[in-house]
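Taking it in order: structure first as structure tokens, then the write-up.
Here the chain labels run A, B and C in written order, and each chain numbers its own residues starting at 1.
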Amino acid sequence: MSSALLYAGAGMGLLLVGVWALVLRAHLLRKVLAINVMGSGAFLLLVGAGAMGGGPVDPVPQAMVITGIVVSISATALALALVLRIAYATGKAALPEDRERDLMDREGR
Amino acid sequence: MSTWLAALPWMVLAIAIPLLGALAAFVQPRRAQVIGLSFSFLTAGAAVGVVLDFITLGPQQHAVGGWGAPLGIDLVADGLSILMLGMSAVVGVAVSIYARAYFVPYPDKAPRFWPLWLFLWAALNALFQSADVFNLYVTLELMGLSAVALVALTGSGPALWGAMRYLLVSLLGSLAYLVGVALLYHAYGTVDLTLLAERADGGLQLAVPLGAMIAGLLLKTGLFPFHVWLPPAHGSARAPVSALLSGLVVKASFYLVLRLWFTFVPEGEGLPLLLGCLGAAAIFWGSIQALRQKRLKLLVAYSTVAQLGYLFIAFPLAGLEPQMAWSGSIYLALSHAFAKGAMFLAAGAIMTQGGHDEIDELDLVVDRMPLTLAAFALAGISLAGLPPSGGFVGKWLLLESAMAQGKGIWAAIIIVGGLLTATYVFRVLGFAFTRSEHHHERHEVPAAMEWTALLLALGAVLLGFVAPWALPLLDGVLP
Amino acid sequence: MTTNAWLPLLVLASSLIPGLIIFTLPEKAVAWRITLNLGGALLKILLLVLMMIGVFHGVNYEFRVPLVPGIDFVLHADALSLLFVNLSAVLWLATTVYAIGYLEDSPNRSRFFGYFSLCVTTTVGLAMAGNLLTFLVFYEALTLSTYPLVVHRGTEVARKAGRTYLAYTLLGGVLLLAGTIWLHALTGTLEFVDRGFVRGLDLDPATLRMVFTLLILGVGVKAALVPLHAWLPQAMVAPAPVSALLHAVAVVKAGAFGVVRIIYDVFGIEFAAELGVTLPLAVLAAVTIIYGSVRALFQEDLKRRLAFSTVSQVSYITLGVAIAGPIATIGGLAHLVHQGFMKITLFFCAGNYAETLGVHKVSELRGIGRRMPWTTAAFTVAAFGMIGVPPVVGFVSKWYLGLGALEVGQDWVVYVLAGSSLLNAAYFLPLVRAAWFEPPPDEWPHERNFGRKETAWMLLLPPLFTALAALAWGLFASMPGTPLDWVQFIAARKYGS
């Protein structure tokens, strides 16, 4: 019981840490990592919340988490590929400030 | 083989065919165009099959692999699902025909476009037919990933940034949704929508997960103030991709909001009012930004921000007149898919021909590309809610439900928003009818691109005449 | 569905389908375009004759399909709609002939005639609309189909004029929409009924006055009621046949016809008078009449002078309706037709002057009667009609308006009519005098040679025909079959006597 609560609590914590990093970190790699941390948090929460009822361990959340991890891996792969492309195309692995983007918009269409 | 195929219901085929097509187009990159287009027609055919099944037999349910809910995966097609499936089929076929012509000059892009698009289509069809919140999460994520990859297809700096921003927002939204799913499962021990509807009892244990899920979905729908990612992504993507994103993808997450809302029917006045106010803010902010744009595609993208706002006006109106308000909102969503799809396709044709999309340099587009301009104008009429068009019917229903409840303020917002829409649409038309001083080089535009845009726009207008037949499909779905 | 249901739809199709085909024609297919245009126009008149006979024998022509839940799309041919439909159909034929001559060799004719046909289709649909929603649909469609005609020339000036035009007309459409939706929420119906559907329902008079104001302002934009008139003079940038059609039939008449429908078939004239909304409307119409005339007096450009004259003259219709007496109704409704014929003649003539001699300004008209006697004769007849000189039809309208006002004790209207007639004379008579009695200049601004004829026959026939009609209906006003005769039939039904 208490271990399930621990899982769920840790999950919530990871989620918050992830959001914090996602918003504040400029480097895209860090943002991708932040999303991954958040994902782990969500999975912990799913498993933990599933187990909180007591009794035998419910298999459904486990199955869901496995599916979720697969999805998360493909998302991470796509994100990393994008980061690379951005770094090649612009020389920086970061999103532009608004003013910078407007300029590019006007020139680059 | 044939008997095995015949045993499969259309609902499964509508998902399996585009998946198969995506694979085929991926392993045969040189024939991607032909394979892609053929599978598009097949997918649309399967969707039509689902629709016909619904019309003749009523709501459909299919347990995939023979495992029913709550353990297995159930596919369900009710009135709302088939409207969305039908919408995707029409817009999808039009965009596919357009894309085949569009990608001829870009042989390196076509083999990437087709697998991603068919993948997206499979995700959409699966999403519209899913009956449990976890499957919905998976389809939502599949849809988001293929959509992001499609934006990145352009390859230029701004498009990559747009794609990245879109990806981060999309993942954040999905995670919020997933947290909601986890909490729901914790509270009620199931993820099946029907069972959830029976067990949900209100209170905090429903409010918190529902809030997380809806917030995540709003992020993905691009409702003001979560819209910041939308114009760069939709505006910098290739024209057929923009049409798909604005026409279909944002509708999918909106559909999901509706699904959850209809399942749980949250009580209280606060949340609907908040959603309505965000919708109103989106209408004004999006329209004003659209008016300020110098580039056609960005104007159309901001117009999406504004038009999405309309869909949420139904929430505060649904209290006493649910039938009419929801019908109006759903009808607007359908018309917007057609009209906005047509508008992006038309903008793409204009850009292909002139090599630019500066609005005040449109230089007599009306003479050079009369079909394309007609498409843009007809789509604009539907967006502005001018009669006769699907947009008019949708707005009329919303207006009527507002007036019937004496909520004149919402009526005023809808009407003023329509006027703003007309202003930015006619700003474009005005320049399209005018000679400009600069001369631009002209390129040939394939007829298929012009005609698909026009037919899609005509579809948006035609929706204005079929409402008495289309709306009864929603009987039994609306709360 | 029976033939009786399909006939109104056929009347629409007789200009819609040729219009759509014309869009697809290449620029050089002149013969095809002319055949389609004239064929459609003649077919429409033929169908209307059939329908007139039917309505006379009491046949009910109605096409009805559901449009939104609870409200139908209704095309219905009653006496009032036939009045307006016939006006549109006949003047469409005349304008088509004129436009073919006028636009000879100019670019983008397929586009022009395509939208031209759509514009007539929407006008006819508006006339036959059987409920307020259908009316609204066509009212907005009319805005959309006339916009390309206003900006047809593709210049920066045209674009700005188009913008003004849209700003006003779309605003009008929005007001009309707001009024319509409000009325539907109050009454649950929108069907036009003789003597009104609002009558007899127990509704709050203050709310009804608000709804009435919204609806009238909505149609008032197109009817160019002061202060909603400013788009009209600006729209003069369009080619002459467009101005002719906009002024005589399509746009301003759609507005005036809307006023008629709203007062008679939505509220009912007696009920509207009870509400106390007709007198303010009559005053507004009177103000518009005087204001338009005064502004016309100071216009140097001929087309602008005619435009302000339209602002003034169209409000006679509103005035006649708002006086709320049977005789004034006859005057107002008859003016719907009369003004159409007279004003279209004037615009045809102004177009002829511009096209043949390059004359655009009032001061350039000196001696033009010797160079173009037939055109100037038509111009003179129409100008006299506008002033109200018997025996031209304009006199008939003003006579009934005056009598009608006296009948219900609104004596002030007579002074307005007299003042307006004086102003009309002041801005038309000097032109007529200069045209006939002053010597022509040595050289016209931009003369085109038509051999022994004064101008192309396709430009000359239409104004002669319309001027002759205006004269004949004045001379034989009391004969059966004239617009006046038909209008008396309508007025009897609207007053339930």
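Note that in this section a residue touches a chain if its C-beta (ideal position, glycine included) is under 8 Å from a C-beta of that chain, and two chains touch if they have at least 3 such contacts.
Small disclaimer: the values here were computed from a predicted structure and weren't measured.
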Of all other chains, the one whose Cα centre sits farthest from chain C: A
Per-chain Cα centre nearest the global Cα centre, belonging to chain: B
Chain A and chain C: spacing of chain centres that average the CA atoms, whole Å: 66
Mean-CA-position distance for chain B and chain A (Å): 25
Mean-CA-position distance for chain C and chain B (Å): 43
Residues on chain A engaged by chain B in the complex (per definition of touch): 15, 19, 22, 28, 31, 35, 38-39, 42, 45-46, 49-50, 52-53, 58, 60-61, 64, 67-68, 71, 74-75, 78-79, 82-83, 85-86, 89-90, 95-96, 101, 104-105, 108-109
Parts of chain B lying in touch with chain C, wherever the complex brings them together: 324, 327, 364, 366-367, 370, 377, 381, 386-388, 392-393, 396-397, 399-400, 403-404, 411-412, 415, 418-419, 422, 426, 429-431, 433-435, 464-465, 467-468, 471
Residues of chain C defined as touching chain B within the complex: 23, 65-69, 73, 108, 111, 136-137, 140-141, 144, 147-148, 151-152, 154-156, 158-159, 162-163, 166, 170-171, 173-174, 177-178, 181-182, 184-185
Chain A partner contacts - residues on chain B that touch it in the complex: 70-71, 134, 137-138, 141-142, 145, 148-149, 152, 155-158, 160-161, 163-165, 167-168, 171-172, 175, 178-179, 181-183, 185-186, 189, 191, 232, 236, 295, 298, 356-357
